[in-house]
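Got a structure for you, written out below as structure tokens; questions coming shortly.
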Amino acid sequence: MSDTAATREERFASGMAVLDAMHDASGHGVIESLADIAPELGHQIVAWGYGDILSRPGLDPQQRELVTLGLLTAMGGAEAQLEVHIAASLNVGLTPEQIIEVFLQSSVYCGFPRALNAVGAARRVFAEHGLLPLPEA
Amino acid sequence: MSDTAATREERFASGMAVLDAMHDASGHGVIESLADIAPELGHQIVAWGYGDILSRPGLDPQQRELVTLGLLTAMGGAEAQLEVHIAASLNVGLTPEQIIEVFLQSSVYCGFPRALNAVGAARRVFAEHGLLPLPEA
Amino acid sequence: MSDTAATREERFASGMAVLDAMHDASGHGVIESLADIAPELGHQIVAWGYGDILSRPGLDPQQRELVTLGLLTAMGGAEAQLEVHIAASLNVGLTPEQIIEVFLQSSVYCGFPRALNAVGAARRVFAEHGLLPLPEA
Amino acid sequence: MSDTAATREERFASGMAVLDAMHDASGHGVIESLADIAPELGHQIVAWGYGDILSRPGLDPQQRELVTLGLLTAMGGAEAQLEVHIAASLNVGLTPEQIIEVFLQSSVYCGFPRALNAVGAARRVFAEHGLLPLPEA
Amino acid sequence: MSDTAATREERFASGMAVLDAMHDASGHGVIESLADIAPELGHQIVAWGYGDILSRPGLDPQQRELVTLGLLTAMGGAEAQLEVHIAASLNVGLTPEQIIEVFLQSSVYCGFPRALNAVGAARRVFAEHGLLPLPEA
Amino acid sequence: MSDTAATREERFASGMAVLDAMHDASGHGVIESLADIAPELGHQIVAWGYGDILSRPGLDPQQRELVTLGLLTAMGGAEAQLEVHIAASLNVGLTPEQIIEVFLQSSVYCGFPRALNAVGAARRVFAEHGLLPLPEA
């Protein structure tokens, strides 16, 4: 947010560093998969989304993921993106139980179908990480 | 709704009786599939959703399913839940033709894409029940 | 649905008869308010929505209103249209208590905020009809 | 919009001519797939959607597809319909690059997840048309 | 979550204690405003929403409000509920700057219109609390 | 999109020039109204939304507004933003009749309530511009 000039490539590199800190391979895969069809969308997700917005201070990585889980659950139809952010939530230290608690809470505001779809996304991510069954279950 | 005390397990049992009366195996499957990842969500769907709300008088089972088909069609992204409630709608005596009429009507309020997705869910349920082609078709 | 030829005006008149049977002045007001800006939209709501779709057999007027209340509640941002259909629901014989029960049920599938907004629409309609407080309250 | 009388079948034929001009086989497939379950929905999509509305003057086919791409992207959960309209957009002369630009623009108003889902739909259509990788990519 | 029996009134009282700890008068106002039209909805919001779900351990009050701000922003049309939860977010110790940061972040996932509506809700709450202009602004 | 370095202020100025070309006072008002509460959101709307995305070639201003009208109509709850873009659509040369045609078309994909809300937004903008009643009406 300083007034230092930055090139398009510098802004991309700066965003990629933020993305690297949050995501595992599934996050990178989204960007790479755009290369042959919508490379500018990939650039903007990295340079703007990660570089300009998600890099800002004020909320820590766990807080940001809690917000994002809420946003993606309520939107509906964003299960692919939810999977990426469930993995990111684990990465920044949220426990599987906390992630599931987010989805249980969402049923109060968005109803059971959105909560069930979100848990379905969690199932795919947790299974890949060898986390199932959850100990509390 | 009386003021009689009930335990957590009694409330669950009471909801399960309502669920049993409405759904076939697909309804039970949803609850069972949560056991290893989000058992509390399964408990709340049964104890609160079925036990406290759907069990209330004031609307009969066919009326409740008509409302639910409307809700799930308009939400979008709830096709899995729609399949469960299309089967429940047959269970409580709505005809396949009435269910399709609900989705045709929904196109007036939500447009053709939501109606088409709902009919796609109906196709999967009706095929499983050996109901296709519909006689009127 | 017969193969009898109908003119544009005949189709409109046929829809208007259906609209007349369902709605009071608030329904007509929607169509009239479009005259100076979007008369074709008004025509299509009447000729197609009411004339071609809502006039169909298969679901009776109470069943159709239950579906519509579900659709409009779940969509969100359709409170103006919900007011028109809450009035229509009273017109076709649903009780105020049944209408409120629809919105309570919707909280299971869409969460409390949508239910609260729908009850807010019901409050405006019920107050206009001198129905508040409801006896059960 | 003349006041000439038309039969149900004439209205259907008129809509089918509009559909033929816009869509390739994927558009026809939607209508045909409804024959055994919801033939009236298929009829109304053609006779009303294409015959009465999309056939109107005032917007040319490219303008109409731009609007439709916007509508379907923002709705979410309409990826199947988006595929049909991405193919139609190519049919009426929009370039693959323009279609991708629509989805990039949508991220400003609807966020990246809806844009990513729309690009996913474009990938399936472009691949089928042998258009990948795009030259600019 | 113990298996101790509880009456309907005990469950309500337990939820009301949670609501008291989170909300100021605007939260109570929602429940009271339902008394003459939908008292059962008010009961369920308190007894189930607050008593059974939001009272659970696993997420602390700040974490829960971050999730709720995300959910309500993405849903759209829930600005009234967002105002209540912006006030609750201040109550549990989130700063005005953090709340605004949540809405800026939401533009990445839901686009600028949803973010702008959420900031509009924050403006009304912050003004009432004498917090405007924000120091950083 | 060149690789020339730009400062934060240069990027803002570049976006403001695009915004100036599209919008009248209502567009500027949105940005100014954020100054005391969410100035960074205002900055990003201008620098990223207008400067990086809407300024891109590939779609002309009329095409971009057609897409935006589609997006905002389908989202629901974005009537304030729709008003700004209806005014912008007039600015870039779309006629009032074409704008209304967009909303009529939207009823095919999103249903009548969204179309009616969009026409309501158009009414407010057209009235302010002294355009009502429309000549065709």
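Chains here go by letter, A, B, C, D, E and F, matching the order in which they are written, and residues are numbered from 1 within each.
Note that a residue touches a chain if its C-beta (ideal position, glycine included) is under 8 Å from a C-beta of that chain, and two chains touch if they have at least 3 such contacts.
It should be emphasised that the depicted structure is a prediction, and the values quoted were computed from it without experimental measurement.
Any chain that touches chain C and also touches chain D is listed here: A, B, E, F.
For the pair chain A and chain E, the fraction of shared interface numbers is greater than half, so the two copies use mostly the same residues to meet.
It takes 120 degrees of rotation, in steps of 5, to superpose the Cα atoms of chain E onto those of chain F. Set side by side, A-B and A-C show the greater C-beta contact count at A-B.
In this assembly, the C-alpha centroid of chain B lies 23 Å from the C-alpha centroid of chain C. Distance from the chain A centre to the chain F centre is 29 Å, each centre being the mean of its Cα atoms.
Chain C and chain F have CA centres that are 31 Å apart.
Looking at chain A, one finds that residues 40, 44, 48-49, 53, 56, 72, 75-78, 81, 104, 106-114 touch two or more other chains.
Judged by the touch criterion defined above, the protein chains are all mutually in contact, each touching every other. On the chain D side of its complex with chain B, the touching residues are 30, 34-41, 44-45, 49, 72, 75-78, 80-81. Chain A makes touch with chain C in their complex at residues 106-114. Within the complex formed with chain E, the chain A residues making contact are 48-49, 53-54, 56, 58-59, 63-64, 66-75, 78, 81, 97-98, 101-102, 104-110.
Only residues 1-10, 40, 44, 48, 52-53, 56 of chain F touch chain A when the two sit together in their complex. Touching chain D in their complex are the following residues of chain B: 76-77, 100, 103-104, 107, 111-117, 119-120, 122-123, 126, 132-134, 136-137.
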